[in-house]
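Listed below are the structures to be examined.
Look for subunit A in each of the two complexes below; its partner is subunit B in the first and subunit C in the second.
Showing the complex of A and B:
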């Protein structure tokens, strides 16, 4: 399973997104706002889930802001961190 | 975490943190404190309170939402007395707060109980969420946290045009705490998480919410349903941080009591449903209810917490 697929699965199953399947999530859809409709509390949960499932820590705002834009950006962040 | 960037939700705009006074009125009191001391300001406060009681029924009505709940069988005459005591209490707290900044910390004595418990919570190294409310002199409570020897971050939104000054602004000193603006990226949630992950102190108000109905849960308070934010409980669940409920109360002319009114521990893995956090918000509401039984005139929420549409 690719990083993107795994992220989508986590979003649907662990953040309990309703009326959407992992396959239906667009890679470049915004995670927050009008995209998937996640909110600020979901962001907290997502940061913890990323650490739990990928062993990658989003340390601060500087890392979080660009990483938490879309599945694309989050996957790129995780893969870059994993290579370190 | 009041700001929500997501689904369209009902906006919330029932309360305002903006002061009702005019800038010159505030400056007048600051000058009084500087040159006449706190008691001179207290003296003039009676005239101001008298004006609000006699000439500002709109402001009195704002107090009645709470007072009619706290004193359910009140007569109109008694309500007038409650109004007076409530406004006087608020005015004195604001004067004391300004006096700390203008005259120095010796202007008011803060006695803290629960220090050992707070230090024990900090020693868990999971961060500490200090939850407080608009009761007593909450900023005084914030100013008395130096004994924790940890940075303190405060979630606070300052409204545009607000002329009210914080105590440290009077003294021209830097804010003793870092302010996280809930209007920032993702409602400041990542900054708050960062604070707790570093094992530091995050202070949040537990009695008001802004922006969205989505991140609130309904609990009982003074015989009716109110909505309280559950962001603190969510953060606690995710990080393992304990929540210390810290409140303050004016107990004498120049004395305040700051006390740890309770510790709330939230288990991990509660998910994203608001119902999961109701139990913890209800505990906070119970602490507030106990507080207002002891200090009925130091609860400073001048809006209808019990809106009719709440089920």
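Showing the complex of A and C:
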């Protein structure tokens, strides 16, 4: 399973997005606001989930804000951190 | 305190959703419990439980809106929606509507899931969503937000006395004019920890609650939510709650001697022995826990059955009535003395709720 596929699965299962399937999530769709409709509590949850499932820590807002824009950006962040 | 009228009833239990489902269960006999699967030291265990399906909540609110709401709060939310709908007061102001929830265990499934996550993965991986739902008053918060209730909100937990304790406060709020109406409900849930405790402490229940069994444990754990819309109207199709009492159990029956009683005998022989001490041999007594299960706020379901009996003027015709102690008999027509819902706990306390026709 690719990083993007794993992220989508986590989004649906761990954030209980019962009205959408992982396959329906677009790679470049915004995670927050008009896109997937996540909110600030989801952001906190996502920080925990990324560390738990990928072993990658999002240390602060400076890292988190660009990383949590979309599945694309989050996958790129995780893959970049994993290479370090 | 002045009496409170019951304007609406909302139920969700193992019997299904709504007052009709409960009446159907009473008429046809209780649904068999289902197996709860859990693991002890890696070994699979199974125990019968009366479990609830909250999928009818989809009729009231979208999946997206309830995605962060756990099973405990979903039961509460469904019960609350149903009670409000049943009252016909869906358009009434929510500014002067109070909300009181009674629960013995709170969101125990979520509480232990949160604790497990901390123990297994460490506190840095603790889920903020699990934590927010693990507090006892989370259900009241979800109900207030979804139903846009802006009156006072309270969650009361006094284990098996939770329902009578919370109801005392509801009547007080109405009496003081603090609110015009109160949405009042009892809710508890079952989980693997409850399953483990039942197996560990009580052993095999036989899978069927026998409320009047005096010498053996037959409690089957259950869950559900029973909600009521209460107001100060003196006429109400479901009758009036005229009195609520709590205290130590004495040998005196706590309410009029010739009334009918619904006791919350739920398969614990120790508690049942207390009920036997309280009643005269010719008492009119009914018990219905075999239809919804054993849990601390189960008395709220007895309150619902009393309300239905007052609406109909007669106790429900039931299928499969259990054998009762000698001299006790099942009530028929609801008399002028009304109905008392009585709960005795294992610590020697009772909670009694008196109702009369309105």
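One rule holds in what follows: the second predicted complex is superposed on the first by the 84 of 84 C-alpha atoms of A that agree within 3 Å, B and C clash if a C-alpha of one lies under 4 Å from a C-alpha of the other, contacts with A are read in each partner's own complex, and residues count from 1 in each chain.
Methods note: contacts are C-beta pairs under 8 Å (C-beta built on N, C-alpha and C of every residue); 3 or more make two chains touch, one makes a residue touch a chain.
From a predicted model like this one, the values you see are computed outputs, not experimental measurements.
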item: Subunit C versus subunit B on the shared subunit A, clash or fit after superposition; value: clash
item: Contacts of A:18 with subunit B and subunit C, given as first, second, both or neither; value: second
item: Touched partner set for A:48, first subunit B, second subunit C, both or neither; value: both
item: Subunit B versus subunit C as contact partner of A:78, first or second or both or neither; value: neither
item: Partner chain(s) touched by A:64 [first = subunit B, second = subunit C, both, neither]; value: first
item: More subunit A residues in contact - subunit B or subunit C; value: B
item: Contacts of A:38 with subunit B and subunit C, given as first, second, both or neither; value: first
item: Stretch of subunit C penetrating subunit B in the combined three-chain arrangement, among 57-65, 129-137, 183-191 or 201-209; value: 129-137
item: On subunit A, the residue positions that both subunit B and subunit C contact, one per complex; value: 15-16, 37, 41, 44-45, 48
item: Subunit C residues within the subunit A interface of the complex; value: 62-64, 67-68, 121, 124-129, 132
item: Subunit B-facing residues of subunit A, complex; value: 15-16, 32-33, 37-45, 47-48, 58-61, 64-65, 68
item: Residues on subunit B engaged by subunit A in the complex (per definition of touch); value: 1, 3-7, 185-194, 212, 214-215, 231, 234-235, 238-239, 271-273
item: Residues of subunit A that touch subunit C when the two form their complex; value: 15-19, 37, 41, 44-45, 48, 51-52
